[in-house]
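Two complexes follow with chain A in common, the first pairing it with chain B and the second with chain C.
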Partner chain A sequence: MRKLLEIALGVLTAIGGFVDIGDLVASTETGARFGLGLAWVVVVGVLGIIVYAEMAGRVASVSGRAVFDLVRERLGAGVGLLNLAASFFITLLTLAAEIGGVALSLQLATSVNYLLFVPIVGLLVWLVCWRVRFELMDNAVGLLGLALIVVAVAVWRAHPDWGAMLHSATHPVVPGTESHAAYWYFAIALLGSAMTPYEVFFFSSGAVEQRWTRSDLLVNRLNVYIGFPLGGLLALALMVAAALVLEPRGIDPSHLSQAALPTSLVLGKLGLALALLGFFACTSGAALETALSCGYSIAQYFGWPWGKLIKPARAPRFQLIVLVSIALGAGLVLTTLDPIKLTEYAIVLSAAALPLTYLPLLIVANDPAYLGDKVNSRLSNAIASAYLVVLVVASVATVPLMVVSKAGGG
Partner chain B sequence: MAQRLDAALELLDRQLVDKDGQLAGKVDDLELTDPGDNPDPPDVTAILTGPAALAGRLHTPVGRWLAKAAARLLAPGHQQPSRVPLDQVEAVGASIQLKVAAGQLDAGAGEARARRLIGGIPGAGDAAQ
Partner chain C sequence: MNQRHHRHAWVRQRSRLAQAVGLGLVALIATAGCTGPVRSDGVYASKAAATAEAAASAVETAQLAVQEAAAGELFGRSLAQTLAEAASDAGDAQATFDAIQPPDRRSKVLRGQLDRLLTPAASVLADLRIAARWGDTAALPRLAAPLPKLAEEFQRFEEACR
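Moving on to the complex of A and B:
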């Protein structure tokens, strides 16, 4: 019974945990500009994170080692350090975007300028990382994030033509108003938002800290196989809602309020309130996870004590990195850089950096010295290798596409 | 310890764990005997750890700069690597078990400095629940 509860809780928090500011922005923007022409990328991205998150959880359960710990052991000190620098920078950028997202959600609810909320949000995120019952808070915001289901309800209640939607999702075309470069640029952004590296840093570090063992492999699989696809459905619902409401009206979303607009048009004030609650919870949870991931990556590379469950005084360097990262992230938002733009850059750069995280993970997942008989099956190796090719192509194409499409600007 | 190991593969970049089971840094570099005219491969005499040891091993200017920046930020005044003689090594496996406490290593200075910085914040000594 206890196990069942644990599984249910894990799955539910994985649903809310999948969606963050990157998905809110990327799904809404692509839906508004390309209809369902990029829906297939969400499916590709969800399958990719499933394959690699399962691997990360399995490696953590069997070997007791978190992802960044192994990055250095497999890639060596030099390449590992460059990998660390890139991964840390991107996770920090994502943390800033999440803090901006929490503040924007609060602005939508209160009409008070978001910049006033930024220092408070930063302080609260730090307090939770410092000592306030982290697991409880992370589960709480994960569950509150389920309020986003209201977006799916709004899509349902709008009585769309399901047949036509399925057709446009399975026969993607680039709209006449958009360039091919912009189409592929946003495809990469969607991939980056689905497979953001911090998700596996956080997931594997959590598994190590909770001392997962071989007996937790089932819990790992259920979390990943059920939680992520349902999270992907929420991302798709955001895209469909934008395609139904924003695209016909020619609205190009440049503000978070437009992600909530379809829901509030269909379901009224209550719908809007629930959508905003969902935005707030998802971005808060992701802010906590990215803040800790900043600490995980550096501490694990250098072999220092880390963890959110041990006394801060026993992992002082880890806690110091988390504190400084939150301050830097909040500081970046306070420069009045547009949080939506910040999010776009964070997810596109994430996409460019994906092979850095996933290649070492794939190598370790095939090494019997770490995994014994739990090494990758042929099927998961075939899928994972195919993904690695896709990730490398996306990574190489990112900067040229960014230049040609002027960062997606129409 | 006349054990034969592929030092590059089985020692370098491995996790160090101190006598109390606490994480104590990584094997950042190795100290070798001077082979002289002897054609045999040199012997490992000690494990070197700390950002200073890491900087000495990196070959790219960017890598060296990053490692030195890390050393300066986290352990100013301790630009020398910590040296752990092989007789202080308990066991070599997926991680390297030491017979000494992390605090006795020079690299522990960075940890102590960070602890001073955050130790004054209320709750530093409390475990999260």
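Moving on to the complex of A and C:
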């Protein structure tokens, strides 16, 4: 019974913790501009993260070691450093975007300028990373993030024409007002937001923090196979809500407030309150995850003691990296760089760096020295390899599309 | 010795190339969303259309927010924030467009036409922002009355420019 509860909690946390500022921005913006013409990318992205997160969780459960630790050992310091540099830069940008997202959620609830919240948010993120137990932190923000289900309820209560929606999702077209370059630019942004590198590092490091073993492989699979697709449905709900309410009015969202308007239109103040709670929880959760991921990646690469299970005094370098990363992230937002624009750049650049993150993981997951009989099956290798091809194509196309489409502007 | 010298030179050359490529990429990314100089009336017209589209989006956002506020579906602070952002978006769109030098007389006429829409839109959105900040939600529908016509005109202007 206790195991069952543990599994249910893990799945619920995976659902609530799936969406972050990248999904909020990318799903709402694409829904408002392209209707459901890019819904297929959410499906592709969620399947991709399922394949690789399962691999990361399995590697951590069987070997008892996290991804970066093994990547450096298996592929050498040079390749490991390349992997680290690309992933750390993207994770740091994402951390800044998440801190900005938390501050914007608070601004929307209080109408006080978000910049005033940024130092407070940074301080709170650091305090939670430093003092709060891993399970408590992970479960609390994950469960609060479930408030975002209100967006799916709003879509359902809006009584859309489901047949027409399914048709537009399965027969994607580029709207006449949009260019093909902008369509593919946003496709890459959606892919980047679904498969952002920190998710894999946090998932595998979290498995080590929670002392997963071979006996937890089922928990790993259930979290990934049930939690992630249901979390992906929340991202899809945001897109559908925007397609139903914002697209017909020609609203091109550039603020978090516009992402909440469809929910409040259908469900009123209660819906709005839950949506704001959901925005706050999912950005807070992701801010914590990205801050810890910055510390995890560098400490694991250099072989320093890391994690929340050990006292901060025994992992000073890990704690210092987390602190410095939070300060840098908050500092970047305090330059008054628009957090929504920052998010857009973070997810698009994340897509450009994806092969560097996922190829080493695929190599490690095929090494019997670490995984014994739990190495990848032929099927999972085939799917993962197909994804790598997609990721390489997306990675190569990112910067040219960014320039041609003027960063999605036209 | 000679071999080592060649190797060092090759490493230095490669590192310079990597630096140049890196700097080039950063410059490309940094300028990807920037407004460049305009040399033809066609490009100027497309910028005018994009400005009209951005202003229409702000106007429609304000309309939706006022509609929700009238139905009691928005909290006062969220309403004030949404309207402040809409006003700021319209103002930014106008400021960015007005900063572009029209390349010829035809473009200057176009600039005048768009400004005749942007100025009243910015003014209405500013009035809405002020009323929302004062908590005067009852006045919002009256203040927002010109918005549907402005939204239509922005749309017509945009279609004509595309």
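By definition in this document, the second predicted complex is superposed on the first by the 409 of 410 C-alpha atoms of A that agree within 3 Å, B and C clash if a C-alpha of one lies under 4 Å from a C-alpha of the other, contacts with A are read in each partner's own complex, and residues count from 1 in each chain.
Everything below uses one rule, namely that a contact is a pair of C-beta atoms (placed from the backbone, for glycine too) under 8 Å apart; a residue touches a chain by one contact, two chains touch by 3 or more.
Bear in mind that the values here come from a model prediction, so they are computed numbers and not experimental data.
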Superposed partners chain B and chain C on chain A - clash or fit: fit
Touched partner set for A:105, first chain B, second chain C, both or neither: neither
Partner chain(s) touched by A:302 [first = chain B, second = chain C, both, neither]: first
Which superposed partner A:380 touches (first chain B, second chain C, both, neither): neither
Touching partner for A:272 - first (chain B), second (chain C), both, neither: second
Which superposed partner A:130 touches (first chain B, second chain C, both, neither): first
Chain C, chain A and chain B - angle at the middle CA centre, rounded to the nearest 10 degrees: 120
Touched partner set for A:94, first chain B, second chain C, both or neither: neither
Touched partner set for A:255, first chain B, second chain C, both or neither: second
Distance of closest approach, chain C and chain B, by C-alpha atoms in Å: 6
Intersection of chain A interface sets (partners chain B, chain C): none
Chain A to chain B touching residues, read off their complex: 63, 65, 69, 72-73, 76-78, 80-82, 85, 130-134, 136, 301-306, 308-314, 316-317, 319-320, 323, 369-370
Residues of chain B touching chain A in the complex: 12-16, 22-26, 28, 49, 51, 54, 57-60, 62-63, 66-67, 70, 74, 94, 110-111, 114-115, 117-119, 121, 123-129
Residues of chain A defined as touching chain C within the complex: 107-111, 177, 245, 249-252, 254-255, 257-258, 260-261, 264-265, 268-269, 272-273, 276, 341, 345, 349, 399, 402-403, 406-407, 409-410
Partner chain A, residues of chain C touching it in the complex: 25, 28-29, 32-33, 46, 50, 53-54, 56-57, 60-61, 63-65, 67-68, 71-75, 77-78, 80-82, 84-85, 89, 133, 151, 155
